[in-house]
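What follows is a pair of complexes built around subunit A, which joins subunit B in one and subunit C in the other.
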Partner chain A sequence: MSILEVENLSVSFKQYTDGFKEINHKVISSLSVTLEAGEILAVVGASGSGKSLLAHAILGILPRNASISGTIKYKGVELTAARLATLRGKELALVPQSVNFLDPLMRVGSQVRTASNSEDVVSAQRKVFERYHLGKEVESMYPFQLSGGMARRTLLSTAMVSGAKVIIADEPTPGLDPIVIKEALSNFREFADKGCAVMLITHDIESALQITDKIAVFYAGTTVEIASVKDFVGKGEAIRHPYTKALWRALPQNEFISIPGSQPHPSSLPPGCLFAPRCEIATPECEQAPPDMRELRDGMVRCIHAT
Partner chain B sequence: MQLEAKDVGFRYGDGPWLFQRVNVMLEPGEIVGITGPSGRGKTTFCRILAGFESPVEGTVHVNGAPLPKSGYHPVQMVLQHPEKATNPRWKMHKVLNEGYQPDKELLDLLGIEQEWLTRWPHELSGGELQRFCVARALGPNTRFLIADEMTTMLDANTQAQIWHAIMSIAKQREMGILVVTHESKLMQRLCHRVIDFNEFD
Partner chain C sequence: MRKFNGGKLGLFILMKGVRMVTLLVAICFISFLLVKNSPIDPIQAYIGADMLKVGPEQREKIAEYWGLDQPVMVQFLNWGSAVLAGDLGTSMIFRRPVIEVIGERFFNSLALMLSAWLLSGVVGFVMGVIAAMKKGTWIDRMIKWYCFTLASTPTFWMGLLVLMVFSVWLGWFPIGMGVPAGVLSEDVTLMDRIQHLILPVLTLSILGVANVALHTRQKLIVVMASDYVLFARARGEKGFALFWRHGLRNVALPAITLQFAAFSELFGGAVLAEQVFSYPGLGQATIEAGLRGDVPLLLGLVIFSTIFVFVGNLLADLSYRVLDPRTREVRKI
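Up next is the complex of A and B:
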């Protein structure tokens, strides 16, 4: 059963330049992903491709100048602002990307306790800290006293302690050492196996491959491919989209070669395929109109040339 | 010219020692990795090398002399979070040219586009911002570069782009690089040797 469905989501930001001139930046366009119960979906892609915005859109915490179209459903029913308000922090939890999300004036132990929905918040917090190798002295520390990795483990703790059904983890692993990463990821796996679901936003493809079921690849605010984990082997022959192939080849354990350029800014998106300007196999046809997402070999791809 | 940390130790006030007796020697053109669990003081050690922090005990020498107190610092550091290392009230051209004027060749090598220079930091993605942080650290007098989880936040393609640019500059200028990362595959790809921070107390 689909626990979370995002259909045709678009997000744009209203900005004012030169006084009263209003412009709309479309940062996410026609994006669809579904998250099944018992599943971990990895969302990978370039930084600035809209991965975090998707997380914030689902949880309804985008800034006020953002406007959304499309639908987001939780357990088959549309997630309205009112419904979100009752579910957020109870059934839906976020592991935020930035360590700036911690309250700088509150001891981290207390912060984690406010996130817990259990009867005995203190022991719940201690249990989760122990799990993430945070010593007893850490609970009375303030965020500025933590190292980058400790702060990240604190953020993880707040989500794990909440008892949520769906966790949206926005880059939970950078800066953590391999032992803690392994612990956190196997925790997610366990969590999903209980019938819950995790959306793991990451660029660490290697870790994602170890625990996730499928991978959604983002580029310039939309999904270019949804693939099964088992497609990511060898030289990436089974991968469908040229951008996904480029990402795979750029990994240090693979070829470590990059393609030139960077993804287009929302203010100057190309009219056709968003990846066409950097694509090796682009043809004039690609610049005509944005390609639709289509099914291909048990996956989805947004490319007219993919085979 | 060598960068040498000798018996370096650090602690906050009277607190427990974060680390002691750290000895690291970096030769020109040498690329050395540092690995170890989070919270053991890897970043603090980097800050000491780059002159942002003074060691509580031990010494840091460049070319046999203590780190200079003024003027251009020969050891430059690039941090993990570029959005925290750029002035939000400066446009990118000001951020870029604060220390020196990078030439077009360097900007091209790092993939910095002219159009970005008139933007504010918040109008760029992390990967784009980090290219600026790298460019401004690569002044003509930079002898050693400290990359503290420099590409951790970036996607694989941007990571490969930035590292290829840095490696070619390092080779050309005989610059030494200290790489702090938890990604062992990246470490193997880049470094001549790796120091385990666990070996120090």
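Up next is the complex of A and C:
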């Protein structure tokens, strides 16, 4: 059974323009992903595609002017706000993007301790620091004194010390040198191998491919494809969606060609397939209605032309 | 490492000291010139109503005795060297050394200003916190409305209002002064003094909360929308514990700094409040000295208030350096 299921999730923001006019910006639309225990799922997409909001929506920490529809299930039971309040930080943990997510005026050690749910928080924190090669002196440092790698490991520690079953890591790698990236990613792999689940949100498809099992490709607030890592080989013949193909081909070691255009802004989404305006194989049919997610060759795709 | 740290702090204080000395010299010089060019005639101020009995020759004699016939710069240097030697001169209206008058008045004012400072700081901070945590609700709107209204209310007017309501109508507190009238000074109890202190403190505090409340509210709203509070919520922290752990420490520091930096406003407010309540503090002495042309006392008060405000700002600076780990620990590296 899936440990976390997101079905048909939509997130929109209420915004007031010209003072009184209220507009709804739909930043995530009909998104579905599932996360299995012991598995790492990468959610890959360009920046501005709503990836971080997906993480915040699952944890129920969206700002007040956001509204959500769709269902999120944890261990098969729906995650209501009340249930989420008891699970947040205990069963579900977030690994945030940067050191800015640590309280600037609180010692790093105590911040990790507050995340711990064990009886003896001090020894739990020391154990996890030792595990991630953070010296004893780091404990009494303030966030601004940490190097990039140390900050990353500290953020990871907050999730690991909580004993969560599901970790949602939001862009854990940018700005780090390759060795630290490799280390961070292998930490996730190890965590998943212990029977937990990791959702790795990233724009870095290349490093995601090294450790994940499944990749969900995100475009303009929705998933366009869910594929196994095995599909990402050669010229990408096994890849289903044209956008995923374009991402794959844009990598330096492949063809290094990017496609023209940019993703549509949430306020001006095309009526049909969201990718149609940039798609090489788009037909007039694509612009009629948004395509549904369908199963194809052990994966999922949101394209009527995919084979 | 510790030693190095201490050295840095020493240097900081030394530089501040140099700055204060130059500031004082400049302030003394400017105030001296202003007083010299004001229509106050020191001889007339000294003699007062007996002026008619004093002939022009006698006036000249006094002027000569006091050195008033000498050039302004010489007069300034004479006064300046006396000040440096610790002699601020004799107050004309009190007929006592200026330093003594200031010392006594300062003690009264200190009680007033310190209580108002603490009360407005604590109440203002709490109000700001409540407004920010309940942002957008009626309680937030009430607090904001109160602060905006009071931020534009003159102190003396508020003083009169408080006096009318609590002393005249309700009769809860004495109408003015620092001690009850007609009581021997050795019979004045601490309770008497406190009773006389309450209304001026109230006046100053009612107005003083606005600044710190509005700043705290704004800062806490920013803190509560920050990434680290978002992450704290993601870790399951919520409500009061969340505020206590992350909000308080991030918002207390600017509030403390602001409160120290408000020393000048406090002093300015005290001048007016003391006048309204006839409270025998520094503020009232300043007004008396100005109105009755007591030049030595006025200049002494200028020096004193400059030091007072400067120390307030210095404490504000120091509080940041000592309390904020980002400036404290960086110096260790």
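A few points about this structure:
Heads up, the rule we're going with is that the second predicted complex is superposed on the first by the 306 of 307 C-alpha atoms of A that agree within 3 Å, B and C clash if a C-alpha of one lies under 4 Å from a C-alpha of the other, contacts with A are read in each partner's own complex, and residues count from 1 in each chain.
Assume a residue touches a chain if its C-beta (ideal position, glycine included) is under 8 Å from a C-beta of that chain, and two chains touch if they have at least 3 such contacts.
Please read these numbers as outputs of a predicted model, since none were measured by experiment.
With both structures placed on the common chain, the touch criterion links A:I281 to neither subunit B nor subunit C. Looking at the shared chain after the overlay, A:P104 reaches subunit C, while subunit B stays out of its contact range.
When the two structures are aligned on the shared chain, A:V233 is found in touch with neither subunit B nor subunit C.
Residue contacts after overlaying the shared chain place A:L94 against subunit C, while subunit B stays out of touching range. In the superposed pair of complexes, A:A115 makes contact with subunit C only, with no contact to subunit B.
Contact with neither subunit B nor subunit C is seen for A:I23 once the two complexes are overlaid on the shared chain.
Within the superposed three-chain arrangement, the count of touched residues of subunit A is higher for B, of the candidates subunit B and subunit C. Look at A:A289: by the touch rule set out above, it reaches neither subunit B nor subunit C. Contact residues of subunit C toward subunit A in the complex are 225-228, 230-238, 245-246, 249-250, 253, 324-326, 329-330, 333.
Contact residues of subunit B toward subunit A in the complex are 36-39, 43, 80, 111, 113, 123-128, 149, 152-161, 163-164, 182-186, 188-190. Of all residues in subunit A, those touching subunit C in their complex are 56, 59, 61, 63, 85, 88-90, 93-94, 96, 98, 100-106, 114-115, 142, 144-145, 158, 162. Those residues of subunit A whose C-beta lies close enough to touch subunit B in the complex are 44-48, 146-150, 152, 171, 174-181, 203-206, 246-248, 250-253, 256-263, 265.
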